[in-house]
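Just below sit the structures, each encoded as structure tokens.
Presented sequentially are two complexes of chain A, the first with chain B as partner and the second with chain C.
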Partner chain A sequence: MESAAAMREGDLVRITGLTREFSSGGGLMTPRRTMRAVNEVSLDVPRGKVTGVVGESGCGKSTLARLVLRLLDATAGTVTFDGIDLASLSPGQMRKLRRRMQMVFQDPYSAIDPRYTIRRALLEPFQVQGVVQTAAEARATVDELISMVGLSPRMLSSFPHQLSGGQKQRVGIARALALRPSFLVLDEPTASLDVSIQAQIIDLLESLKEELGLTYLFISHDLSLVRYFCDRVVVMYLGRAMEILPGAKAQPRHHYAHALLDSNFEPDPTQRKVITMLAGEIPSPFAMIPGCAFAARCPAASDLCRRERPALEDLGGGHMIACHHPKN
Partner chain B sequence: MALLSVKDISVTIGKLNLLDGVAFDIGAGEILGLVGESGSGKSLTAMCVMGLLPRIGGRITEGSIIFDGREMIGLPEVELRHLRGKRIALISQNPMTSLDPIIRIGAQIDQVSTLHLGLSAEAAKARSLDLIAQLRIPEPEAIHGAYPHQLSGGMKQRIVIAMALAADPDLIVADEPTTALDVTIQAQIIQIMVELVRDRGLALMLITHDMGVVAQACDRVVVLYAGRVAETNTVEAIFAEPHHPYTRELIRCIPRLGQAPGSLKGIPGAVPSVVDYPAGCRFNSRCGAAEDLCRNTVPALERKTSGLAACHFSEV
Partner chain C sequence: MAALDPIRKAIRSPRGAGSAAVLVLVVACAVFAPLLAPYAYDIQNLPGANTEPGWAHWMGTDEFGRDLFSRIVYGARTSLTVAISAISISVAAGLTLGAMAGYFGGPFDRAVTAVVDLTWSFPEILIALILIAIIGPGLESTMVAISIAYLAQFTRLTRAQIMALKNETYVEATANLGAGHFHIIFRHLLPNALTPVIVAGMLATGDAIILEATLGFFGLGAQPPTPSWGAMMSSGTAQIFIAPWIIIFPGLAIALTVIAINLFGDALIEALDIRNRLRSS
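Right after this comes the complex of A and B.
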């Protein structure tokens, strides 16, 4: 075991008990209902490593991403970046710190203004931050940024609609890198791309991480991609961390993680499988289930599971699991 | 003889040549995977087989489509409509293109078998309930009386599959039936669909961009690239010994369990767009083996040691 101090040194971001509630209704006719999109998530993001978050639609991945960058305020819990509690910062201080932490979005279209040339899109982060550059400096900056993501500087005068999906995502990454951050949150950066382009982008992200010494929080719904790319993997379900796998080789033991693994068809017809059918589908996040969030669909659920929520416990070596009856 | 035989069809919409010599067969009881990246022509091929191309202003300029021994191209719309309802069914990516939001689920499934099998209202309902149960939807009675908006995406897609099965068709064309769904739901629906199709000895044309789904479900595979067939073979051969460089590269781009860090590389470049397809082989701008011949001459889809591939230099 590392000492607490050593671990703190090793973690760029520490997330503790992070919770975000959303409410809906509360009009004349509808009762006000509350749900927790992210529910008491605790997680450390080690420096220079890729921490992955995997889960199905609506499990709270994007909400977690926005909370970590404080693009959204938490209902409870804390996020510290390099030892600084984000909630303690004034808006001005937060804006300054944003230079060091940036986001890459799934939809490369949404992040780039269609009316701007790529050059202007790449210079925008500097304007937002009030960084003054001479024309020569600006030219050098955009040239360097665009080459860094493997695009030709000739592309700088193009408009977003003239670029392919993969090229747009490269521009999205270049923009995120403009202010030389140390931490990138990547929210499904390849989900709308074809696999041949997805693999290019992952390859690019791998080399940028090495070159620039970046730390990533990588969000995806694709377990095999996450296991390939990430050093640690957090499996989320209905707002909660169900299991944290310490490495790509670690065997999942949570029943939901197994369901995800099971649902992943290998590109190999000699490895066909028979899926264990799960009962039902993901319950509504408004249901506020008392016990384990996965109990309604879990083949191993007991009365205890439906009554008491399992706490996230360490199985040793950083392998954490929230399950009363882990799979062997 | 094949149940469906698509012979060298070319398709244009306006001035654009979108499909060029697409050819494949599907036998009764066979699951054929049609794979390719976005824009490769998968949905257009489905539209051709369904006889729906005119609806989007498209035209088949060459080739023929033989279904159960009859030419489909040029059939009058009444006959096409009969074929579509009764013998060929479509499952599309978005279940709401097949469901009417203001009609109860049950009535929509019942209608298929009253119309095409001539069943009485009672018999049709019994059949619908049975189908709903076979798709492992709990509480079939309740679902029968529900409206589409009361169901999750995964449930709606299962209802669409039930509707497709209701008329007892010979061929089902499923265009990315699970792409919009969560992975656990996708896996289950693929499994159920494959079981039902196999039990009934139906032919299934399964369109997907997911090579994992292909490996899991299909007997034979057609790989499309930029509006042309790159390769077609048995599913085992496609994965074990792909003849076309594109197929090989496409498979290599999927991260596998236990794959070494840093070893995932994409295919350089991007799929060319319809307006500037290169001369010769359309993969030539991204292919490591390309030579001058590839830039001048279109490779024909030729027989290899097994299957067919369109490459000047595929070794075997």
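Right after this comes the complex of A and C.
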């Protein structure tokens, strides 16, 4: 066990061998089938930094987010927050700890109860946590929260349906910040917003991070956004971590990460590039693949890839890759 | 108040206004029966039996010479009390059972669904008759029988609502704040599921009045001399060729009340725009 001081310097969240299985069927007529949404993922989230998780839909990144916050229980593996193993906590202790770890959701349209005014939605975190406030304190808290995310206190008595998507997402962020957490999981916070609004939300998240000293785990399917916003990037494919990039500048060496990056359009017509399309299809998540999950679509796949699963290896400088034949 | 807005909107349509007026009249009869009824409901006057409707007795008298109008006014009290309390119990139990089954799922849900589907496959009247055969006739057992007969409907409706609502992001967001199941069910899911269930309950009150009258007609409901519209019609069958008013007026009272409830419920569904949600169960 490290000392408390070392922990303050190092990682806020540590994920080790995290696995989550879902099963379907198992009734009278259907055989039971099991899929691994998250497959032995290990990841450290350094304090005060933005760690990005990127991958296409269905790769298990949202499940990973829910496991990190223990909204789902892991099948195997551990998540520690500030040195505390989440699985060891009682429901009461977990409730207390939730003050320190919060989440911003993908869909701002349904993230607030339609019957709640914005004021009531912002006060709910305190109510749930049993924080007693006088009417004056409550008013001050709510005013502070709403102006922190750049909205006018006049909106407090509105209902969610009276707000735009961007405004709703700002309320979602304010609600997540109400209990003064140190760690935020951002589950595709901009995916359902207009592009012009996306930039505003990302700016807001960046300035809040500086102001409040937050640590982010940023989940997205947009590798270019993740590379812009994050200090470290984890590329996931079919529940597995394929590559961990130490910084925004690092060139990905995994064939899948390359394909992901290639699939982004270049807005500058003079810099036109050739898009290499991936052949093959994503294997069914129910298929238990013995080798590399990407082997079926990989241009460099060999027999070894199909037989043996590559382990995550350090290439130096925090750049990790799970590939038998990395690109140079 | 915002909660009254749909009612106001419902009253604005001609259908809603007319039915609301009839309902207000029936409820007034039930509440102010002693003030409105010109005679006591149980005073017999055998020489004046089977009197035709006239100035002294607006709706005539029955086979014991009791004033029919007074008995119908008091009968509104019996009918509404039984129907409203039975449906209230049924809605409350259905909301609880349906919410638990829909939210927690698993073996509890399967058990509740199995029992509910079983009772759903019988007509309500059959369930009520079986229950009364077990617990014996009377006003209280009518109430219990009606509330159990309609339980399946509200449980199914609530369960369907909750199952649709529990996947909303705000449920997960609230759980992430550290909220327990109790908070999520009572502060988020039930308030959002309530409207269609309440409206279904209102419509079922009309059916419950008919069911109460049916049980009364068979002599299984209110026992004499308590006036009940169904029992009054039943005693009218024997006099149908001598004094047809004995069966006609209670029948009209039942028909008017039930039609008014249905029309008002319909106007309310329109005002709330929830026809799809009611059908989904």
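Operating definition for what follows: the second predicted complex is superposed on the first by the 319 of 328 C-alpha atoms of A that agree within 3 Å, B and C clash if a C-alpha of one lies under 4 Å from a C-alpha of the other, contacts with A are read in each partner's own complex, and residues count from 1 in each chain.
To be clear about the criterion, contacts are C-beta pairs under 8 Å (C-beta built on N, C-alpha and C of every residue); 3 or more make two chains touch, one makes a residue touch a chain.
Just so it is clear, the model here is predicted, and its values are computed rather than measured.
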Overlay on chain A: chain C relative to chain B, clash or fit: fit
First (chain B), second (chain C), both or neither touched by A:D107: second
Touching partner for A:E313 - first (chain B), second (chain C), both, neither: neither
Vertex chain A, arms to chain B and chain C (CA centres, degrees, nearest 10): 80
First (chain B), second (chain C), both or neither touched by A:R98: second
Which partner, chain B or chain C, touches more chain A residues: B
Touching partner for A:E206 - first (chain B), second (chain C), both, neither: first
Partner chain in contact with A:E56 - chain B first, chain C second, else both or neither: first
Touching partner for A:R115 - first (chain B), second (chain C), both, neither: second
First (chain B), second (chain C), both or neither touched by A:R175: second
Partner chain in contact with A:S224 - chain B first, chain C second, else both or neither: first
Superposition-derived minimum Cα distance between chain C and chain B (Å): 20
Residues of chain A at both interfaces, chain B in one complex, chain C in the other: none
Chain A partner contacts - residues on chain C that touch it in the complex: 168-170, 172-180, 183, 188, 191-192
Partner chain A, residues of chain B touching it in the complex: 37-38, 136, 138, 152, 154-155, 182-188, 190-191, 209-216, 218, 235-236, 239, 249-259, 261-262, 264-268, 270-271
Partner chain B, residues of chain A touching it in the complex: 56-57, 164, 166-167, 194-203, 206, 221-225, 227-229, 248-249, 259-260, 262-275, 277-282
Of all residues in chain A, those that touch chain C in their complex: 69, 71, 91, 94-96, 98-99, 102-103, 105-107, 110-115, 124-125, 128-129, 172, 175, 179
